[in-house]
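Each structure below appears as structure tokens.
Shared between the two complexes below is chain A, which pairs with chain B and chain C, respectively.
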Partner chain A sequence: MESGNRTAIKVKTTVKLRKELGGWLLASPYLAMAVLFFLIPLGWSLSLVFFDWNLISPVRNYVGFYNFREALSSTRVHNAFLNTYKFMAIIVPSVMVVSLGLALIVHHLPRLKQFYAVGFFLPYLASGVAISLVVRGILSYDSAFNEFLRSVFGTSPRWLRDSFWATLVISAMIVWKLSGYYALIFLAGLQGIPRELYEAAALDGAGPFTQFRKITLPLLYPAFYTVLVLAVGLCFGIFTEPYVLTGGGPRFATHTWQLEIYYQAFERFRAGYGATVAVLNAVVTFASILVIRRIVESWGTRRGFR
Partner chain B sequence: MRNFLKVFVGILVLGLVGSSQIEITFWSAPNPSQEVFWRRMAEAYMAEHPGVKITVSPMPETPTSEAGILAAIAGGVAPTASENVFIGFGDELVRSGAIVPWNAFTGWDELIVARSMSSTIKAWEFPDGNYYIIPLYVNAMLCAWRIDILRELGYDRPPRTYSEVLEVGERLKAVYPDKFLWLRSELEVPTWWQRWFDFFVFYYAASKGQALITGNEITADDKAAVEVLRFFKTLRDKKLLITEPLATGFEVGATVMTVLGPWSFPWWKENYPELVYGETFVLSPPPVPDWYPVDEPIYTFADAKGVVMYAQATPEQRQAMWDFIQWVLSDPEHDLLWVEITGMLPARDDVGVNPLFTGYVEKNEPALLPYAKTIPFAVPPFAHPEYVEIQELMGLECIYPVLIGELTPEEGWQAWKAAIAPLLK
Partner chain C sequence: MFPARRRRSVRIATLYFVATCVLLIMISPYLYMLLQSLAPWREVDRVFFPSSFGFHSYRWLLAGGAAALPRPWLRAWGNSALVATVVTLSRVIVGALVGYALAVLSFRGRRTIQNFILFHMFYPGIILLVPTFLLIRALGLYDTYWAMILPGLVSTWAIFMYANFFRSIPQEVVEAARMDGASELRIIFQIMIPIARPVTAIVFLFLFMERWIELLWDMIVIRDPTKQTLNVLLATMFGPYGGYQGPLYAAGVLLTFPIIILFLLFSRRFVKGVSLVIST
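For the complex of A and B:
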């Protein structure tokens, strides 16, 4: 009897091991890629932060924490830090509203839902450089749009040369680019809400607005949560739009972490300092996402959404 | 058995010949026409020198060609030599011990004479007295004017001084209120290399080519610099200079003047065939302050780049590359081919007077002639380890605040000098 149990345990263990091995095998391409393109560069970057080095000089100057001190007192880094939250304050609520709106529209379409969903997703695939050039054309001083504004209002904004408008333009471009993608997440959430809930609510006399507030929004909490975390993380990675349109100006009004890393590492060839800014960026990104997650989770728990 | 031996010996001989062949690599600029030139040179050289195998490929340009070179050196896969290096980046490479001096090779002096570079090469000397870059081409920056529009306004030649420019501008606005004299949206952008194509051009013209920075000292002509800033500010205040992007520009006559390098001509020929030198546009040196002597030449900025040899190459490879470069640059016909293929002028003292070049230029691309004649007065970028930050600060601390009226030209200039002082220690 005992030996039978032992054999059974042995078989179970072997099956489990085989399954685990299979899992590891299937995950191995991703793991290899993560090690090669994430962990090794991360380790390399972390080792660079203590040096003043341009990657090629035979002499690596050990500077201890000097790079951190310089970065923490740099106006350029301060601007990148603050601008990220400025962009976040515009982008995150806007992208939530627009993508939810798109998802609701597509969800209620009688037919061709997939077609429209893919259509709204397309901007996400578009080249940032190409879109930026198109936007620059639309907002150029002599564009039809600005000619129209001048004919009606007598003036047109300095779209890309005024800090307020430049921030707004870049934010709008990012919202436009991402809304279709995030709408798919909301759409998946909407499609997962049982129709019976709405029918029951309707029988109880709930109108469309009440149904939306009491059923749709609470049940979309996981989608909101996902989109929020993605959108917040994205704000720390803004690069192409300000790089092409404003160069981070005017006066660093659209300067971002990624622009600063690029400038230091690839234009000034300060690999050590660039790595330091990248590490600070990573720390601030993780901290910000953590704080926002905690806030949203506790809010969700309080409201009974989780 | 005998046949087998023959084949074996044959393979052995081929193997020995193959192994005695020196392999060198050359990175051309990431510009198809330059790649074509170097490929043709390499093929011709290899036909004459079977012991050398030259592989030509365009340099990686992601995210920039400079970063591509640094990454290759860091990864130990640098080519034997490459072009497309300007003196500022060359200085970075020299300080890192990544490139070797050309003048250490036997035959350097002969090459300088053969290529007629005695005067041009002076600007490429490094502080240690060595020459790490052989200048390949010099694109002097000139001002192009829409002469068809100027004629409509009653002028038969472009303005020479600031006052004349302002006068043309006032008449332009009176006749065409929607046109601008100059579009330079980058003036409000701090991007460091944009300064080459605005402030530097006008500054070198106003200062008779006075160096901005020499070693670790600011050697700029303050008076000239302030005049240039005041000129920019006046142009903007009078709405003659537009610093916002325009969808159209000089090519369609929305603006009358532009700072131009010769690389624009092939593009114009393809897209704006109506732009004909002498008919719709002419070229002139950059405008100068009113006090600038009439009989003195006007200087300008030169976008100039050259060839460097990387220290990672073996001594044999270096010698082979030197022989190849010497062969390419010693023959004026090769420089003529360079002009024909790339449309850019070689960095030679005689490019504006040698009939070989002037004859070709007059017949095929007369607009290049003013560029050729300006080369002796064209100043290449300055070499300083902090050139990027120095030029970035010029936009941030000086030009932008002056343009928006936050600082006077004098204050703006002093602000830039103060901002770069810590970088010059």
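For the complex of A and C:
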């Protein structure tokens, strides 16, 4: 009896020790990497913004808040700032409509739901570079597509050399890429709506359109909210498509935060200034997402969706 | 047939027709890329459906590309595969180990580590771009494979996913294994990881894809063309190879289709797996 008790205590203490030691041991790879590639760069970025440094010279000039003042008055940064909201105004509503549409299709299919959901998701896997290649090819002056447009309308747009079309093309590429992914969020929402609600509404004489407006849309509020937050956050990180297709042009119409950071830090080798623009980007992103979330949340509460 | 049933079957047939059309539109850029990569060069982009098919674009590419500006395209593909595989495997394994520690082991400091990971996860990565580059250079790793691999060995998101999943597994499973004398590592690798297969599938896929199509970072830290990933090589050859659109499409296929195939292999329980991602 006694020895059994003792082994039980022994097992207990070793288990306790194993948990204490094991916990730290298992977490140690993460902790080591977090110190090296998170905390050190984090500290470095805080000092970097106060210096003017070209990445090579041994001399780093302390410039105080000059980098911030320059960035805040730079038209390049202004363009990146405003373009983000321009992209947002196009991308967020379109991606919501398209992904909800895809989700509705999958939801109403009696069979092969999985097949179509997977198929609609495929664009999410695309490298922005490879898709930019396709878009450049399709939109090149003597492509089959433009020949077709000219044969019908007599003229074809200048696409990527036109501010309006370039913005639209890049937005469309992003909507195409994301909608299959966001459709899965809507699909999960749709599957969570109890059938009885529709049956009751049908008994009350509500047609499919009324049912959609009065039941489906309000109950999808959480899904809309998730998609909104994801899509808004994404608009602040646009890089690949404008980098390879337009270089931010024409006349900065598709210039973005990340393009500006890349250009300043790694093409003009202005490490301090590039880091400063990155800090501004993060602050603007954080503040914008916070404001947009607040607005949508209070709207949702007022309408009773939350 | 009753009219109501007939109306219903017409509706379903329409739905399938619409679904198939939308599906074709969604995958049309892939189909276009594939068709154009096989087309005769004079037809590339000039016709939607080529008159004949051949592998000449691929052969030209794998032979080294333009004589005036040869580039190691096949090697770039290997670089992509190497970097993405090493990084993703490490991220998955570290994710499972740390996730297990956070979810199952109660040790002093656990809450602190958890909160720190959340802070790390939501800290805007863009701020770290320039200083991380400086760090890589200071470590003497600029223009080496390590520059692409080392900073990405750990993913806070993977840790988060595994910790969430392991929390849902009853503690008795672990206790029973401990009573049988299993070590913690053994519990992780022989019990927890096999149970977590749906999480692993989705985490592996998302992280592999993310690493495979990375552009900005790989472009910054690599200058030597023999070390570039395929994504970077394609992006930088956009202009110089502008007259060789067919081979560029072939490179696009080599870049895109491996991920699609990998995904289709993983896709059996995909929709359910993604709900794990969405719910968190």
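We adopt the following convention: the second predicted complex is superposed on the first by the 259 of 306 C-alpha atoms of A that agree within 3 Å, B and C clash if a C-alpha of one lies under 4 Å from a C-alpha of the other, contacts with A are read in each partner's own complex, and residues count from 1 in each chain.
Keep this in mind: contacts are C-beta pairs under 8 Å (C-beta built on N, C-alpha and C of every residue); 3 or more make two chains touch, one makes a residue touch a chain.
In this text, all values refer to a predicted model and were calculated from it rather than measured experimentally.
Determine, under the contact definition given at the top, whether A:Leu160 touches first (chain B), second (chain C), both, or neither.
After superposition on chain A, A:Leu160 lies in contact with chain B alone.
I'd like to know which partner A:Pro250 touches here: chain B for first, chain C for second, both or neither.
first
Does the superposition put A:Leu234 against chain B (first), chain C (second), both, or neither?
neither
Taking the superposition as given, does A:Tyr30 touch the first partner, chain B, the second, chain C, both, or neither?
It touches chain C, and chain B stays clear.
So, does A:Gln114 touch the first partner chain B, the second partner chain C, both, or neither?
second
Could you say whether A:Phe266 touches chain B, chain C, both of them, or neither, answering first, second, both or neither?
Both partners, chain B and chain C.
Figure out whether A:Lys19 sits in contact with chain B (first) or chain C (second), or with both, or with neither.
In the superposition, A:Lys19 contacts chain C only.
Under the stated touch criterion, which partner chain does A:Asn54 make contact with: chain B (first), chain C (second), both, or neither?
A:Asn54: touches chain B, not chain C.
Determine, under the contact definition given at the top, whether A:Ser140 touches first (chain B), second (chain C), both, or neither.
A:Ser140: touches chain B and chain C.
Who contacts more of chain A, chain B or chain C?
Here the partner covering more residues of chain A is C.
Between chain B and chain C, which residues of chain A are contacted by each of them?
55, 136-137, 140, 142-143, 262, 265-266
Which chain A residues qualify as touching chain B in the complex?
Chain A reaches chain B through residues 54-58, 136-137, 139-143, 158-161, 246-251, 262-263, 265-269.
Enumerate the contact residues on chain C facing chain A in the complex.
Chain C reaches chain A through residues 12, 15-16, 18-19, 22-23, 26-27, 29-30, 32-33, 36, 44-48, 94, 97-98, 100-102, 105-110, 113, 116-117, 120, 123-124, 126-135, 150-151, 153-154, 159, 178-179, 184, 209, 212-213, 215-216, 220, 231, 234-235, 238, 245, 248-249, 252, 255-256, 259-260, 263-264, 267, 270-271, 274-275, 278-279.
Mind pulling up the chain B residues that touch chain A in the complex?
63-64, 66-67, 70-71, 73-74, 92-93, 95-98, 178, 185, 188-192, 242-248, 254, 386, 388-389, 392, 396, 400
Could you list, by residue number, the parts of chain A that touch chain C in their complex?
It comes out as residues 11, 15, 18-24, 26-27, 29-31, 33-34, 36-38, 40-42, 44-45, 48, 55, 101-102, 105-106, 108-110, 113-114, 116-123, 125-138, 140, 142-144, 147, 176, 180, 184-185, 187-188, 226, 237, 239-240, 243-244, 257-258, 261-262, 265-266, 271, 274-275, 278-279, 281-282, 285-286.
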